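Okay, so chain A shows up in both of these, paired with chain B first and chain C after.
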Partner chain A sequence: MTSALTRTALPLLAAMLVAGGAAAQQTDPRLERVDAATRPTVAALVDSARAALLPTEPLIQRALEGATKRASGDVIVAAVRRLAVDLGHARDALGSTTSPAELTAGAAALHAGASPTILAQLRQTRREPLTMPLAVLADLVASGVPVDSAAAAVLALAGRARDADLVEFRRAVERDIALGAPPAAATAAAATAADLRVNAGARQQRPGRP
Partner chain B sequence: MRPAAAARHVWTASLAAATSLVSFRPPAAQTTATVDVGVSTVRYDGFLPSGAGSLTPAFTWERPGAAVTARGTYLRFESGRRSLQGLIAASLFTPPSLLPHRWRGELSLSAGGSSYADFASFWHATGEARLHFVTGGGGGAWIGGTGGRTSYGRAPRPVAVAGVGVWTRRAEVTVAASATRSIVGDTAYSDVGSTLHARRGRVEVDGSLAARVWSRGAGHGVYGEASATYTLGERTALFVSGGRYPTDPVSGSVAGRYASAGLRLRTALPRPRAIRDPKPLSRAPANGDGGAGFIARLEIQPAPDGTVRVVVHAPTAATVELAGDFTDWQPVTLRRTGEDMWERVLRIPSGVHRINVRIDGGTWTAPAGTTRAEDEFGGEVGIVAVP
Partner chain C sequence: MFEPVDDVIERIARHLRRPVRIDPALDGRVMREITALPTPGGATALGKAWGWLTRPHQLTLTPLGGLTVAAALAVVVLLSRMDSSAPGPPAPPQAESRAFQFVLVAPRATHISLVGDFNDWDAARTPMRRAGSEALWTAVVPLAPGRYHYAFLVDGSRWLADPSAPVARDEDYGEPSSVLTVGGGGS
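Entry: the complex of A and B
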């Protein structure tokens, strides 16, 4: 973890210093909504992330969220900085070719408590984009499912499930929890049910068959 | 009861039951309804070819561990004769704790009737028990048995079916194979076959290939069907299908070959497609900040054209605003579309998004239907995943 932090944080900090001077000239116009005192720092963080080849849009959105919610400048800067570090960790775990959407979802999963090892396993398991499995993983953990249980279920499904199947799986877990099932048990049951649906009764008839 | 009347009653009961299911929608359930309107050319074995128009309403009610389907088909042949079919089928799974891990039991009930051209009528009622095993690696197997009764205008005949099946799924493709031995009165036959289901983007393809062997009174042969569905919009799709299918002594369908094309309409039933928190709306303490004092509930309804309908249920609200990372966190005012319903169609890319809702200019809150998380700004934010 320490080495991962070093790999991520040091280049990011170095990039911040290098890019700091030019930040004001390249400020995204949407950041006009952030107060004037905070804007340069946020812009510097955004430019640093760009220099480190990290996606910048999530950082801008986080700053805009803070501005809409009338948060103080210090709080906005702290939130943007934390997200930048999480994005770096996500890239370390998922690889340098990871898409911005995947990195954003990966950062959310790490923030929720998933380990970088789980993210790396997901990358090996699934050829399709990882955005939805990572989102579902973060979502499950946020709903109270233990990280190990959530990761086991998502890893089991990720290799073959479509994004829509993962959303349905997530919804089934939520419903079972709402009906009183323990989160871990609900997750295991929903993972099994996602497979069973293929052969469930009340099967559909072919359209147009006379 | 006369068989023809029984068929009409089953068809009517299908619609009535389905309608009642629509009105009775427990929070954890999902109801979908479709109507297929199509034209076909069909040739039943022993009959001349004929053109036909068809109308097929279908309803499905589904909740974790249970599903009910009701379907009716009205066919009008070019000769002016009619065919009417109706079916109700229900499936119930055992709770996960009842059987060992990876094993689930399933009980299915099916009742249906059909009336062909006012001279041949069937009805059947069967129950099936299946034991499923899921490998956990994208595959599984089942073994099952069916018992019941079927009738063709005379004394009901007993139905007994034994079957086994296996299936595997990889991403967008599912392949299954099964073998069954059926005994209906003094008729006995065995079917072996396989099915394929694949989906890519707006196109969904199904195919089947089967053979009837060791038959006494139910015919022999190789049969195959294929269909493709192309999704046009959120509530419309085109379909084409065709092939040859065998006589089914249980449901009373006559062997035939056909080619069909048509339009599938999905009714505008409320669909809780992305509801995360099914708890009913409840009054929250007034926040003293201009809020209406109600917890709003959010639904995300993606459409095939890339747009997403965002629906917020907020009783007594005068204005409802939404902001998220897909609006650059600029407040967007929703349009009132019902007594407590507000909505807006937006372009939201697939992925995980942060979202907040504001009622009557109050505090930004995470609505029910999202996963609530601390937002790092002293409040809360809702997390939603858009497929």
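Entry: the complex of A and C
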């Protein structure tokens, strides 16, 4: 029994280890949509991100977006690589316990021009998830608001504002810009209004006060 | 007429001390008889299997064998955990997902797909439907909190960003996309 078990178990263990290694290296089947010449490079980038404990889903989605938009292989690889780098920088700034959604939004904010310092300050300012403040920051910069103005406004609001307040703030800025206001001025005005709204909401929620 | 009691006992004891010769084939005959007896679960294969499963068995392992089995179990657990983060289609929307309606006005379009990183940018996954008027196209997608990129693919070839959503800057692919950020509670 003992020798039989040893004879059976050792090859079984070896086979399982080999199968495990193969499973870890298995390419995501969705990447079949990426052309065959590009796929191994994208798969290697995804594997590297996984080994670095970074979220891999945003990288796969970036590659699939490129495939659907019929981008060339070089462009897809460059886009995926850039996103992987941004995700790594976002994780460095926000901390190792940051959720994948926060990391994705953080990478977008970094890509938009926000500095890692701003991300770290947001982490210190807000206890709730940072997905919405980071996304609003990236969206404002994409709308033409200077990074410093957008960062200052989001940092001022992030401590007490709910996600809904931040969405409303972003809409107000975009509305004012669409109406012709300079982006920085629109941001300052909307931030002041949002701050007043947040403070009023906080006063209403305070218990035991007439 | 009667022997003394001690003599009788002595004779019996001598008889009992005599070695008993057992037929060497006895063991085999006994085991064949036992095997031939009907089992409680019946003589079917199922009954035999049930009998084997319910009968206690003794398993002996060397330390090396035990370590090997433990390592194999650890590999199985590790693989099953890796599977949860392994590549594959995205997980179904979670309980905290909310339904979002995407709307586009496109009077001349014959077919519109909603594509984004919530549906693998797959034009076949979320076709939009005409709603009410001929010009209005809609699609409803459940989304968990997060930041999403999406666009409309009109008639299979023309890309449109959502005019009512923030634009995603994209110097890589060029084609326009929009951004939707789904917050947690209260957004």
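Basically, the second predicted complex is superposed on the first by the 169 of 210 C-alpha atoms of A that agree within 3 Å, B and C clash if a C-alpha of one lies under 4 Å from a C-alpha of the other, contacts with A are read in each partner's own complex, and residues count from 1 in each chain.
Here, a residue touches a chain if its C-beta (ideal position, glycine included) is under 8 Å from a C-beta of that chain, and two chains touch if they have at least 3 such contacts.
No experiment lies behind these values; they were computed from the predicted model shown.
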item	value
Contacts of A:28 with chain B and chain C, given as first, second, both or neither	second
Touched partner set for A:160, first chain B, second chain C, both or neither	first
Touched partner set for A:176, first chain B, second chain C, both or neither	first
Chain B versus chain C as contact partner of A:143, first or second or both or neither	both
Contacts of A:79 with chain B and chain C, given as first, second, both or neither	both
Chain B versus chain C as contact partner of A:65, first or second or both or neither	both
Touching partner for A:92 - first (chain B), second (chain C), both, neither	neither
Those residues of chain A which chain B touches in one complex and chain C touches in the other	30, 58, 61-62, 64-69, 71, 75, 78-79, 82, 101, 104-105, 108, 128, 131-132, 134-136, 138-139, 142-143, 162-164, 166-167, 170, 174
Interface residues, chain B side, partner chain A - complex	27-28, 36, 38, 40, 42, 52, 54, 56, 60, 63-65, 67-69, 71, 73, 75, 83, 89-91, 93, 96-97, 101-102, 104, 106, 108, 110, 128, 130, 132, 134, 136, 138-140, 142, 165, 167, 169-172, 174, 176, 199, 206, 208, 225, 227, 229, 239-242, 245, 256, 258, 260-262, 264, 274-279, 323, 325, 328-331, 349-352, 354, 356, 364, 371-373, 375-379, 381, 383, 385, 387
Residue ranges of chain A touching chain C (in the complex, touch as defined)	1-2, 5-6, 9-10, 12-13, 16-17, 19-20, 23-24, 26-31, 46, 50, 56-58, 60-62, 64-69, 71, 75, 78-79, 82, 101, 104-105, 108, 111-112, 128-129, 131-132, 134-136, 138-139, 142-143, 162-164, 166-167, 170, 174
Chain A-facing residues of chain C, complex	59-62, 64-65, 68-69, 71-72, 75-76, 78-79, 82-83, 85-90, 115, 117, 120-123, 145-147, 149, 153, 159, 166-169, 172-175, 177, 179, 181, 183-187
Chain B-facing residues of chain A, complex	30, 58, 61-62, 64-69, 71, 75-76, 78-79, 82, 101, 104-105, 108, 128, 131-132, 134-136, 138-139, 142-143, 156, 159-164, 166-167, 170-172, 174-176, 178-179, 185, 188-190, 192-193, 195-196, 198-210
